[in-house]
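What follows is a structure written as structure tokens; I'll ask about it next.
Chains here go by letter, A, B, C, D and E, matching the order in which they are written, and residues are numbered from 1 within each.
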Amino acid sequence: MTSTIKTEPFVINIGPQHPSTHGVFRIKATVDGERVIDAEMVMGYLHRSMEKLAEERTYTQNIPFTDRTDYLSSMSNNLGYCLAVEKLAGIGVPDRGNAIRVIMAEFQRLASHCMAVGAFTNDTGAWQTPVMWAFREREKILDLFEMTCGARLTCNYMRIGGVAFDLPKEFMPGARKLVQSLPGFIDEMEGLLVENEIFLVRTRKVGVLSPEMAINASLSGPVLRGCGVAWDIRKADPYCGYEQYDFDIPIGYQGDSFDRFIVRLEEMRQSVRIIEQALDALPGGPHSTQVPLALRPPRGEAYGRVEGPRGELGYYIVSDEGPSPYRFHIRPPSFINLSALKEMTVGGSVADAVVVLGSIDIVVGEIDR
Amino acid sequence: MSALFLVTIGIENFLAVGALLFALGFAIALSKRNAIGVLMGVELMLNAVNLTLLTFSRFSPSDRPVAGATFVVFVITVAAAEAAVALALAVSVYRNRDTVDVDKINLLKS
Amino acid sequence: MPLPILATNNWYDFRDLSNFSRLILENLDKILPHGIVYVVAVLLGFVASFLIFVLPSQLIVGVYGERKLIGRIQSRYGPNRVGPFGLLQPIADAVKLMQKESLMPLRGDVIVMNIAPLIFVAPCVLLFAVIPFGPRMIIGNIPSALIYFIAVSGLPVLAAFMAGWGSDNKYSLFGAMRIVAMSISYEVPLVLALLGVVLFTGTLSLQGMVFWQRDLNIWIAFAQPLSFAIYFIAVGAELNRTPTDIAEAESEIVAGYLTEYSGMKWGLFYGMDIGYALAASAFAATVFLGGWSFFGLDKWVPPWLIIVTKTQLFYMIFIWTRGTLPRLRVDQLMAFAWKFMLPIAIANLFVLATERMMWVRAFDADLKFVWVFVPINLLFTAGVVFAWARFLGYRPENTPRKARLVNQAGGFIPLGGAKGETRP
Amino acid sequence: MNGAGPVIGFWALAALTLVAAGGVMVSRNLFHAVLFLIVSFVGIAGFFVLLSAEFLAMAQIVIYVGAISVLILFAVLLTPRAGRDNGETAVFPAAALLAVALAAVFLFVIYDADWATITSSPDVSVQAIGDALLDIWVVPFEIASVLLTAALVGAIMLVRTPEEEAEDALA
Amino acid sequence: MATRVWPGSETAAAAERLVPGSVAKSTPVACYLKPEKLVETMAALRTDPESDFVHLTDLCGVDFWDHFEVVYHLQSFEKNQFATVKVEAWDRENASVPSVVPVWHGAWMQENEAYDLLGIRFEGHPNLYRILLWEGYPGWPLRKDFLSMPGGLQPGLNEFAGTARRAEPPVRAVE
């Protein structure tokens, strides 16, 4: 990339205290004028060593930890962890439990994408309005979570073998009402942003990733799908009975920030579709199987994964027949999605770097764990 | 002159200010090491000339009273063009020679 | 042009507040030595304009109204705690700002950094001097008020640059460079747009422009829609309002040249930002929207009330865009100024000059025929904007706006569809 | 030109302008020098007002303060930190001497000559200047516009990088 | 429809077919590769149309007291298949494994993380640094003996989790 005016290249720190790094994340960008010529990531400001802490707690006690990694999608994190442990211990889940898990995970995806879409538009400079609209809808979803499990952000709702509680009786009407109103909101956001030429020029052809690069860099989730790679764990490796629901995988065109954005918007629509089907076909019966409190899975290892809002959320658990995992490893999607950050930011301007970071949709709690 | 020097403002006062400003700009333009500094001196000299022109236009009897003011317009125009080109030169020299020090821009000196 | 006296000369006639000030000045003239009264007059004018215009506008409408309106746009309440309906929120903010410690960066250029807010404030006050609030309510009715306005409104850029330089902060320097580059770029189409107005009205005086619009019962915004649009966009860029607020872009360069400021120094910048926006709105209301006249209504309604209302309504458009639009990137803004605005501004000027000639030659300079140009200019505006955008390669229909949908997981799916891709 | 206002104004402006110009000379920091230069420009604009040429004063503010000084500031920013000093070369004593001699000669001439002056100020309003520009001096006016265009093109050509030239050659 | 998980034997067969002599052993879950042939085998597994493991889904290290295992979870998009590959590092003081960054760029951050938390050195990694902790942090937190390290937590906190930490790796596979 040629420099128009020869200036001294100097280093600016985007973060750790910066309005658009979504937490304490830092990009050490070497810039020439406004153009980024090198970018280095500095992270770990929020490191809590969860993987080590989890080795000292029982399997059930570890569920709240998973809430606190990606604190914007705690239900999905719980689900991934529970799936891994169930796989390890060979525990089955009743149908109703599975359906509730699907409903909750999809609601969580909606809430998380609301946040992602809002924060992303905030990074492009839409002064707080889309983020406020998105928060309004997210609050409604969090109300449902609060109704179900008492918590809004760190839900701790999934259990090994099912879910913690059955749905309250107010849940169904509330959820149906919300599901009916959500497509309107998505259309509204589309009208506000996708039809906006300024938003288009800010995001199109910014942070372009080729599909080969995206696959090679181990990306997943909307960032990978934005490059035109149809990869969704819910379709490819269905869990919790996702195979019974009818939905599509949205993919992008050229792998730029705008494609990631429209993929997220379309995923919200598909989530609404899944929730509608799941609510219609919610089976009766128990919501959970009985699992001993001090679970001692047989010796072995298991890799359980779900399609989290940010990508493939994997849990690799090694058991030594003890009451707590011998090794507890999280595959954090937003951490690994940062692999390609340098490739996406170098050559663009500082403003583009911010947009790219917003389009990856990082959660620093998950990056640092 | 004498006491009236301070309370009556005539053509001499304006011309004196113009002359002093011109001399200052002259000294700056001759002695500064930085090319941009030299340019600033030149701008000051042009301003002094403008002031003088307008002073004559205001105080001197003439059959074309607007002439001085019109000339000031031309001088301002030329100054703008000159500043643009000179700064472009400075930037260009900096890019090629990594300095704007007029002492070190001595390609012709073998 | 003779001044049509709308209001009486009685001091209690609130339609013309200059009567009151003239009464005071005449009485003061008997007491004070001659000459001092001019100083008093200017001060009184500033105080009066501050009381009726700046203070209520700035505090109540500028700060409170902006936050309330932004709150409505963002589906939240806005200030509602301090005082009735949160009306005292601006005052509480000001008190808070005054209490704050004024932090200075250790390696900054302290003198430059401290002078910058002052230089930022002074031109804002000066700008209101030439805005006519009524047929006689104007502090400085100078013949070339338009150029005065352009000249003075170029000064705050220097203050912003000084602030960015003195802060010794890389983000501040970014903001300073951006604001300078942008204001230089947008000054050109702005002046070209105003030149069109001058071509039609034949005067540089703002008061003269108001009278022209009042006599013809037309607003220049209708007669020259393209000039108005260019002015609106360019002045938004100069004022750092969204979508062109790249100099203070908080998501990119934390707060631009204001990053290192705190306390009341920051407050001066913030308040005067609104002040400049109000001045530009008042200027737009005067030049493009008929000023204090409103199709004959100004005989009964106080003219100063009309222009204040117009100013606030115009300012609300700024708030609206701020609450709705994302921000452009700096190179896109530059390209927009030089590649889009400048050519269409020049084309606009050509068309307006031709119309002016036609007007003089064909219609014998009959001012009534200005209505002929309204539909022509509207058509021209739409045509030139559309055509030039197409010429520059703007193809909205080629932009996919919805994600592709596939029904089955797999690898990379190229464009054109394969493997179960369904169209949205 | 008598009366308290013009006299006070003149001496204040003279002090402002000359002190600021001296600041350009003395200041070691190039940025401060530019700021002093701007103050000097504003002072000159004040002189124009005193000489009852308001339009030219505004043009001075617009062009010098609004454009040229900002250009200079930009050039200061584009040069490296090391190039931002405002020192003098070795010829400073000679230059100062020359300037003092120049000023002395000028002042002698100015105060020695017997100027024929008028008391009423001529009409230098916008309209008068505009008429003059498009009537008597229309040829210089057009030449000035050509000069501006040439300067614009020249400035752009000067700061183009070889890469940009290669790009343009391809296009 | 669902992803086909390759048992260790199948992965081992594919690896042996592509790069002879690369497999150390195979368990029902995973295939253990020899460190010296790791990068070559991984590159072959990635490009071979039959295995087609284009996506390095997950990379992590496990401490087994006497040796480390680095676990690679590989995913194929076209074939929708999944395999687990492991490699062992027995030198506890200077644990070292070849880096697979030349094969998958996505290993960049994950190898950095494994180095940071477990102290496994990845030879050939372009920029190996402590990504989460700061330079000069004492010890490697995810190692099992970290608690008794100077500067680490005091022993005694791990009483609840049971003391029977075994040296041998778990062997039973869970499908």
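Definition applied: a contact is a pair of C-beta atoms (placed from the backbone, for glycine too) under 8 Å apart; a residue touches a chain by one contact, two chains touch by 3 or more.
All figures in this text were calculated on a predicted structure; none of them were measured in a lab.
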Margin query: Measuring between Cα centroids, which chain is at the maximum distance from chain D?
Written below: E
Margin query: Quick check on this structure: which chain has its C-alpha centroid closest to the centroid of all protein C-alpha atoms?
Written below: C
Checklist line | Interface ranked first by C-beta contact pairs | finding: B-D
Check: Taking each chain's centre as the mean of its Cα atoms, which chain lies farthest from chain C?
Finding: E
Note to self: Between chain A and chain B, what distance separates the C-alpha centroids? Give it in angstrom.
What the structure shows: 64
Next item on the list: Take the average of all CA coordinates in chain A, do the same for chain E, and state the distance between these two points in whole angstrom.
Entry: 25
Next item on the list: Could you give the separation in Å between the centres of chain B and chain E, each centre being the mean of its C-alpha atoms?
Entry: 73
Notebook entry, point to check: Rounded to the nearest whole Å, what is the centre-to-centre distance of chain A and chain C, using the mean of the C-alpha atoms as each centre?
Noted result: 42
Notebook entry, point to check: Listing for chain D: what residues touch at least two other chains?
Noted result: 55, 59, 67, 71, 74, 78, 80, 159, 161
Notebook entry, point to check: By residue number and range, which residues of chain B touch two or more other chains?
Noted result: 91, 94-95
Next item on the list: Would you please write down the residue numbers of chain C that are in contact with two or more other chains?
Entry: 409-412
Item checked: Interface residues, chain A side, partner chain C - complex -> 10, 12, 18-20, 34, 121-129, 132-133, 136, 190, 192-202, 204, 211-212, 215, 227-232, 235-236, 248-253, 259, 262-263, 265-266, 349-352, 354
Checklist line | Residue ranges of chain A touching chain E (in the complex, touch as defined) | finding: 43-44, 47, 49, 51-52, 55-57, 87-90, 213, 215-220, 229, 231, 236-238, 243, 297-303, 305, 312, 314, 316, 318-320, 322-324, 326-327, 329, 331, 335-336, 338-340, 368-369
Next item on the list: Spell out the part of chain B that touches chain D in their complex, as residue ranges.
Entry: 1, 6-17, 19-28, 30-34, 36-37, 39-41, 43-44, 47, 50-51, 54-55, 57-62, 64-70, 72-74, 76-85, 87-92, 94-95, 99-103
Margin query: Give the list of chain C residues in touch with chain A in this complex.
Written below: 70, 73-76, 170-171, 174, 242-243, 245-246, 249-254, 322-332, 396, 399-415, 419, 422, 424
Check: Which of the residues in chain E come into contact with chain C in the complex?
Finding: 54, 77-78, 80
